[in-house]
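Two complexes, one shared chain (chain A), two partners (chain B, chain C).
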Partner chain A sequence: MRKYTHILLGAALLVFALAPVLIHRAPYESTMGLVQKIFYFHLPGALMMLFIALFAGVMSGIFLFTKKPWADHYALAAAEQVVLFGAMTLVTGPLWARKAWGVWWEWDARLTSSLLLWMIFIAYLLLRRFGGPGSDKLGAGMALFALANVPFIYVSVNYWRTLHPKTTVVPNLVPPMAGPMWWAFAGFVLMSLVLFALRVQQEEQRARVEALYLAADEG
Partner chain B sequence: MTAFFRVAWLIFRKDLAVEARSWELVSTTVFFSVACLLVFTIALINEGQAVGDVAAGILWVAIAFSGTLALGRTFERERQTDTLRALMLAPADRPALYVGKLLGILFLMLLTEVILVPLVALFFQAPIVDWPLHLAALLLAGTLGYAAVGTLFAAMLVRARSRDVMLPILLYPITVPVIIAGVRGTAALFQETPDAALAQFWLALLVFFDVVFVTLALWTFEPVMTE
Partner chain C sequence: MRIIRTVTLALSLCLALPALVGASQPPPPQPAQEEFVPLDQLPPEAELPAAPMVIAAYVFVWAAFVVYIFSIAKRLKRLETDLRTLEQGRRG
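And now, the complex of A and B:
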């Protein structure tokens, strides 16, 4: 493990250790009560999912057109994290929805597009796992299509009906609530970087081992 | 540019000629889509009455499922005889190959729809003749979007392992906007007082989807298919 990974890991642990204290000390929301605390995980998780999905799409594009192996390693590591953060978002979301709207699930634009984005990245991982040789390139094409697809999903589902709080919630957040929210976000960013560093390194080593096997077969 | 369309046209004609000799794809796809329609009809009709406005939904599910089958078979045929490699070796633009294959799939799917749509009208008393142009445009734009993504993915998967299961896994999540727009647009035409303006909104979305995804497919076909 490289040196900076240790530092990142330490910082992430520190942030996570402090997060419950900050979230506990944040004021109670008047209508939602305790359930509102989900928000400190839900929103940062959703933001991470979106940013990392964007990153995975860009890396896939770079890999497809330049054939640089590092771009593929980054894309794969990112796709796994999209699924991770997506799972977090999609588990905490219904818990919130049950209290706020009285239902676990609603076919609202944000919910549906998050679910589909998550499913597309699961499909990507399935392809990478079971697609056999050449699946790296196929996956890159798939991720690129996924990226172009998000606005379409959003617009088409938005035309039904939207219950989800608008994006204006975040800038208008009162400071005692915004503090813990961004703190949790910072924790996720640090955790994501640690996972990235480890996963990319692992992929590089796997690629090296593969190349050695190929060389041994030829020799 | 004329060479591009000539190659696409030749590939389309080749696919038609191969198909005309066996009728394998047309007969199996059409029969499968009708079977699909029947299964959904039986599942969703209660005491002789359809539940809600399901006709549009069933129509598009049948189109999507039979489309997947057609896509898989078309490229399986190329793989078995190793003719896709021959096509790739041909001194022709790769995107032209894609357009040729896309035209073949599109033709097959539209042919299936010509049989499916009257059947839906028959089973569900769907008013298909009130706004025929709107309905035809929705079907054409939706099918083009579905086939554009499907042709690229099916071509990519020719060399992959477990390609039969991979095609629907990759294709369905990506084509959800086509299904939503197709179903909602068609449902707007099938309801008691048809809403042509709403259908036009969905049609516009489908056309936009087609433009983006055909462009993207033409752009990615070359790097994805290069070994």
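And now, the complex of A and C:
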């Protein structure tokens, strides 16, 4: 496990080191110019947030129905990453919007539901940290609720009129722009896998320490 | 003591009065904007610079990764301390 983590970390660092070069070489978007370069980190961050929220929801469902501790460890590790990538999306988006739209924030369906998803996972982590016994099951229910929000976030831009671009933008990207975007996405995926492996390992150790404390108290 | 309080209140009111009067007056008339100015024809001083936004976005992404990695490292250290305490307790 540790060996693979090192390989993944090396690959992630390599991808991240090359990403700025590729992004710099990518052509300027005709109307937005330089500020559109935020896209190369904003979109991968948003995609990661959605995929990992789906994963956290599925793992929480497995935990609720099978009571397997590993599923809970996976869900908790994933929930932290939803908050991490969500923060990236919700900060880089307004920085881009201020220049491109003239406003920092717009209370449209896409932005509001993304903020809601992020806040649900913040609440999930607070619950897991301070909720005490039983918070794992309650948290799993919350993650399932968040899971239901994910498809809504994705399709919302196609159904409600908004300043945010539609989902058709990515499939229609020209290759010189699509290349750096998918490259940055690969970097995010690799980094996410490394952090996930470390966090799951840590959570397993924490569970072991807790069991030892309980055994020491009973003995 | 009461006199000092009354004088302070009176002074504060006197100082705040011009501001209150100024606020209640209507703003001076602005020259009418008769024509729409396309974004690419704006004078450079009226345009919002893009570079600080791009730099801020990239710095935030990197900072978020670094902070998260540090938080994992801190939690791992705490776990190791707990394990050491448990081992010492067993020996003791």
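Following the convention adopted for this analysis, the second predicted complex is superposed on the first by the 205 of 219 C-alpha atoms of A that agree within 3 Å, B and C clash if a C-alpha of one lies under 4 Å from a C-alpha of the other, contacts with A are read in each partner's own complex, and residues count from 1 in each chain.
By definition in this document, a residue touches a chain if its C-beta (ideal position, glycine included) is under 8 Å from a C-beta of that chain, and two chains touch if they have at least 3 such contacts.
On a predicted model such as this, the values are computed, not experimentally measured, just so you know.
Trainee: Pick one for A:Pro176: touches chain B only (first), chain C only (second), both, or neither.
Mentor: neither
Trainee: Tell me the contact category for A:Gly134 with respect to chain B and chain C: first, second, both or neither.
Mentor: Only chain B is touched by A:Gly134; chain C is not.
Trainee: Using the superposition on chain A described above, determine whether A:Ala87 touches chain B (first), chain C (second), both, or neither.
Mentor: Second partner only, chain C.
Trainee: Of the partners chain B and chain C, which touch A:Ile153 in the superposed model: first, second, both, neither?
Mentor: It touches chain B, and chain C stays clear.
Trainee: With both complexes superposed on chain A, which partner does A:Leu195 reach: first (chain B), second (chain C), both or neither?
Mentor: Touch partner of A:Leu195: chain C, not chain B.
Trainee: Now for A:Met119: first (chain B), second (chain C), both, or neither, which partner does it touch?
Mentor: In the superposition, A:Met119 contacts chain B only.
Trainee: Is A:Met142 contacted by the first partner chain B, the second partner chain C, both or neither?
Mentor: Touch status of A:Met142: first partner only.
Trainee: Mind pulling up the chain C residues that touch chain A in the complex?
Mentor: Residues in contact with chain A: 48, 50-51, 53-54, 56-58, 60-61, 64-65, 68-69, 72, 75-76, 79, 82-83, 86, 89-90.
Trainee: Of all residues in chain A, which touch chain C in the complex?
Mentor: Checking each residue of chain A against chain C gives 20, 33-35, 37-38, 41-42, 45, 80, 84, 87-88, 91-92, 95-96, 98-99, 191, 195, 198-199, 202, 205-206, 209, 212-213, 216.
Trainee: Which residues, counting only chain B, touch chain A once they are in their complex?
Mentor: Within the complex, chain B contacts chain A at residues 149, 152-153, 156-157, 159-162, 166, 169-170, 173-174, 176-177, 180-181, 184, 201, 205, 208-209, 212-213, 216, 220, 223-224, 227.
Trainee: Provide the residue numbers of chain A that touch chain B in the complex, in ascending order.
Mentor: Touching chain B from chain A are residues 64-65, 116, 119-120, 123, 126-127, 130-135, 137-138, 140-142, 144-146, 148-149, 152-153, 155-157, 159.
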